[in-house]
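Shown below is the structure under consideration.
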Amino acid sequence: MSEKYPELRANVIAILRGIAPEVEADDLRDDRPLRQQVDLDSMDWLNFLIGISEQLKVSIPEADYGRLVTLGNLLDYLRAKLG
Amino acid sequence: MFDFTLPSLGADMDEGKLIEWKVKPGDTVRKGQVVAIVDTSKAAVDVEIWQDGVVHELLVEPGERIPVGTVLATLLEPGEKPPPEGAASAGERAGKLTPAAAPGASEAARQRISPAARRRAEALGVDIARLMGSGPGGAVTLADVEAAAQPGASKSAETVPVAHPEADRNAEMRRAIAAAMSRSKREIPHYYLVETIPMARAQRWLAQVNEGRPITGRLLMAVLQLKAVAAALAQYPEMNGFFRDGRFESVPAAHIGVAISLRQGGLIAPALHDVGSKPLDQLMRELADLVKRTRAGSLRSSEMSDPTITVTNLGEQGVESVMGVIYPPQVALVGFGRIMERPWVEDGTLVVTPTVVASLAADHRVSDGHRGALFLAELRECLQRPEEL
Amino acid sequence: MRVSYREAMRQALHDALVSDPRVFLMGEDVGRYGGTYAVSKGFYDEFGPERIRDTPLSELGFVGAGIGAALGGMRPIVEVMTVNFSLLALDQIVNSAALLRHMSGGQVSVPLVIRMATGAGRQLAAQHSHSLENWYAHIPGIRVLAPATIADARGMLAPALADPDPVVIFEHAQLYNTEDELRDEPNEDWRCDIERAAIRRPGSRLTVITYGGSLPKALEAADELARDGIDVEVLDLRVLRPLDTETIAESVSRTHRAVIVDEGWRSGSLAAEVMARIVERCFYDLDAPPVRVCSEEVPIPYAKHMEDAALPQAAKIVAAVREVLNV
Amino acid sequence: MNETGDMTEAVTGMPERPFAHRLLADMLRIRRMEEKCAELYGAQKIRGFLHLYIGEEACATGAMHALDAGDNVVATYREHGHALLRGVPMDAIMAEMFGKAAGCSRGRGGSMHLFDAARRFYGGNAIVGGGLPLAVGLALADRMQGIRRVTACFFGEGAVAEGAFHEGMNLAALWRLPVLFLCENNLYAMGTALDRSESQTELCVKAASYKVPTLKVDGMDVRAVHEATCRAAQQVREEGGPFFVEFRTFRFRAHSMFDPELYRDKAEVEEWKKRGPIHSFSAQLKAAGELSEDGFLDLDAAAEAEVAAAVAFAEAAAWEPVEDLLRDVTTPGGRS
């Protein structure tokens, strides 16, 4: 499977590794629920999104959380936000 | 002059290893100040002192393994003059010489090791000083020695002290959890109750609160749940406290142990102090800090020893409900499952609404199911009035 | 052949009476009554009042008479109804039976067998629930046996009678109704040794050492532990004096851990003696301090729940094993 | 003779001269041996408890000469005389008191535990009353094996207060066993006078309450003791049941070497000494023309010589090697 937006993906995974250091980029699948793949609880998830919003300078309203299930969802969402 | 002794930082801790002194003789210390870092089997813990004073003498060297209750240091009361030179040192008074005064003669430092393990360690050339014991009272056993002698394990002082610190830490934590949970299941007659709680109001309220906030200021549902537990505990104090020496000691404040799973495996449930009296925003900040420090392995001693009840939120991992094992000497544990939409009857009409299954595991020596049921009902009602939390 | 402990003991007595005319049974209600525990039922009619001799309630007198008869060439089996009453005969057992050989410079021996029921567990209250095996095991000059199995109940009496010195046999009252298979080949020889302890259940992680009425409890505990994957050895002392230190040391040196179960009170108990020998012999093989499960330091109460609480029980043994293994 | 008899005043004629001299000589042997024991105790050659029989010699002497060689004897801790007259060599008795391996109990027993299995002498028993049940058992064994034999059991009046006396008396009477109970009533159980320890001071009445026939006799008179014991032993032998004989006697010395004798008047002792068994019997013999002063001195010299030889033997005898400490606890190689 071709990976979407390699640069953005690398940035997001770097932020994720700040929360879950054991994550290997190659093991993550874009089409699977991210929180289950990486074992993120709500605090981890919040910290992850805080990291993204601070480093990528995007705001993520809580109302949008429901759309961000897979890594693919997140990348699409960020791509759209970042223009 | 008073003694500063190694506190028990949890039901399963009976010894620790001094990692670092944060004070030196002559320092003035305040109540609540972190004075030392001690490695328990679970984490490196900041140990606080509970009395103002001036450090007189440090009796234990970093690196020493000491049983709970060992005098670590002596302190002078504020304003107290140090004893004259030549008088019996505080260490001698306490029956414990400093290593500097009598190298190797420290009773406190004597490691517990079985005779068989000692002999085996000699034969295998294993340095017992670096072994963690898995036997009764933390004694080093034959199995510990033989494990240390396996290829890959450190054998001599020249090599890195612990070959696989992470693996060892995990194994110790596993043993510590095993001991505490086995004790719980041996000693505590658990009873279990569950209640399905509608969460529509709470979710709506939380969404409204978070809507106008930047992401760093948002609240998690977990905080709301913790606050609701604290509110319910105020009505049912028999769920909050310790069962020790055959009797229950109620604690006025709800120091809720928050079950935090570690990424490398294992679990710690440090205290979020006095949840009932703090506003949600403060709780959110403290919870975030607590999770961060827990995962970094830098907890305070009071956070290890203070929890009066534990809350676990396995719903995060997707299960519908959780029946917990009480962490002794606590007497109750509240578990939250996943918030999920379920068919629900409201005013005679079938609707679909978000709900959570809350469970209570409680100690039958202290409370009965009737009170437990009332507690869960109170918890349910608290979550229906999130604005009051 | 499935037999009860009572029946095994009865058969052993019967064999002894048939095979040696010097053997006779003497005690309170052994004759017409048939024995307090019905062990000698039918003997009075079969062997007559001379050899199945009912005695008055004179423990000191008839135990002493048994010693005298042994000196005089007979092979008496004296039944003291229970260890509680044996205190009335303690003087004769300790001051005469055990000492005569030594005081005479080896000129006389006392080939006497004294049987007595022992132990608690039937709500008989404080004066009928003693386990004082250790008192007797303390005395040089007598051999003390504690048959705990059907095979030992069947096989210990004959070698005890063949012993030229006094032998005290403790039969735990809770064992009389226990049953087990007993070898029954043609010309079967049931005699067993009265020297060695026996491993009743081999195991690797810890040795539970016990005797008499506590053996079934120890085996029950071992079964329960085995279900949790904890494999313990159970050692039956069998002979309480002289203690078979070799077998104890061999087992504990192998398992490195010991729990000693003894219905006697902890202070000054047989368990204390066993523990002392373990420490003397196996110190450098020990991987944890040995632990004792004994009766609580209280006279045995009447009420069932209190009696149960006072005595060693399988659950206490399990807990002690877990404590030693830290599991 | 199935009822209580009293022979205190009833002494029949003088025995034949050789036997009379034998009785006197034996009393002298006991007396001289024990006097030497007291001396050796002071010299620390003999230690432990030492209970002397001085004054009571007529009892053992008269009684022992009434028994057959095949009879059993059970005695107390005041048994030097009984052992000697049972035939235990004085050498072996003295060596025993020295604690030597050549002693009659290999030095393991001492003064209180003289044994001789070959002579059916079942020991000095140092538990008051402890010998009575043993005697009952020995008699029971004889009865069950069809052996006609008397078991003589010596004990002091102090034993009468023990349960063992009552239990033993009852068993012997109940089972009709051939036990000859010989009670040496010297009036003091250690320091306690009979009337300070017994509500019933007539000991024969106690025995009779178990339907045991009894005789009471002057224990200071060797002829009376002998005659009474002969009659009692004969009845036991013929009829099978037990018999109880009380010898009224007195010990001239303290209970043991530890006893300061605070409990009785010197005058009482002096009064009894006037009736001393040796001088009263020798006086009777002299009065009857059966003994000269030279004859007496010859007997006495022989006793002294025997004692001197026994002391020399004991002195020269070897100590048991301490390596043998653990022997004789149980029967070596006994179990099959």
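Odds and ends about this structure:
Here the chain labels run A, B, C and D in written order, and each chain numbers its own residues starting at 1.
By our rule, a contact is a pair of C-beta atoms (placed from the backbone, for glycine too) under 8 Å apart; a residue touches a chain by one contact, two chains touch by 3 or more.
Every value quoted in this text rests on a predicted model; they were computed, and no experiment measured them.
Inter-chain contacts peak for the pair C-D. Once CA atoms are averaged chain by chain and compared with the all-protein CA average, the nearest chain turns out to be C. Comparing the centres of all chains, each the average of its CA atoms, the largest separation from chain C belongs to A. Chain D has its Cα centroid 40 Å from the Cα centroid of chain C.
Work out the mean CA point of chain B and of chain C, and you get 50 Å between them.
If you average the CA atoms of chain A and of chain C, the two centres end up 74 Å from each other.
With centres defined as mean CA coordinates, chain D is found 111 Å away from chain A. Contact of a single residue of chain B with at least two other chains is seen at no position. Residue positions of chain C in touch with at least two other chains are not found. In chain D, no residue reaches two or more other chains under the touch definition.
Contacts between chains, counted with the stated touch criterion, involve the pairs A-B, B-C, C-D. Of all the residues in chain C, the ones that touch chain D in their complex are 22, 24, 50-51, 55-56, 58, 60-74, 76, 91-92, 95-96, 100-109, 140-141, 143, 159, 162-165, 194.
By the touch criterion given at the top, residues 207, 210-211, 214-216, 218, 220-222, 261, 263-264, 287-288, 291, 313, 316-318 of chain B touch chain A in their complex.
Looking at the complex, you find that chain A touches chain B at residues 20-22, 36, 39, 41-43, 46-47, 49-50, 53-54, 59-63. For chain D in complex with chain C, the residues that touch the partner chain are 72, 103-109, 113, 115-118, 122-123, 125, 127, 130, 132-142, 144-145, 151, 163-164, 167-168, 170-171, 174, 327-331, 334-336. Across the complex, chain C meets chain B through its residues 256, 283-289, 319, 322-324, 326-327.
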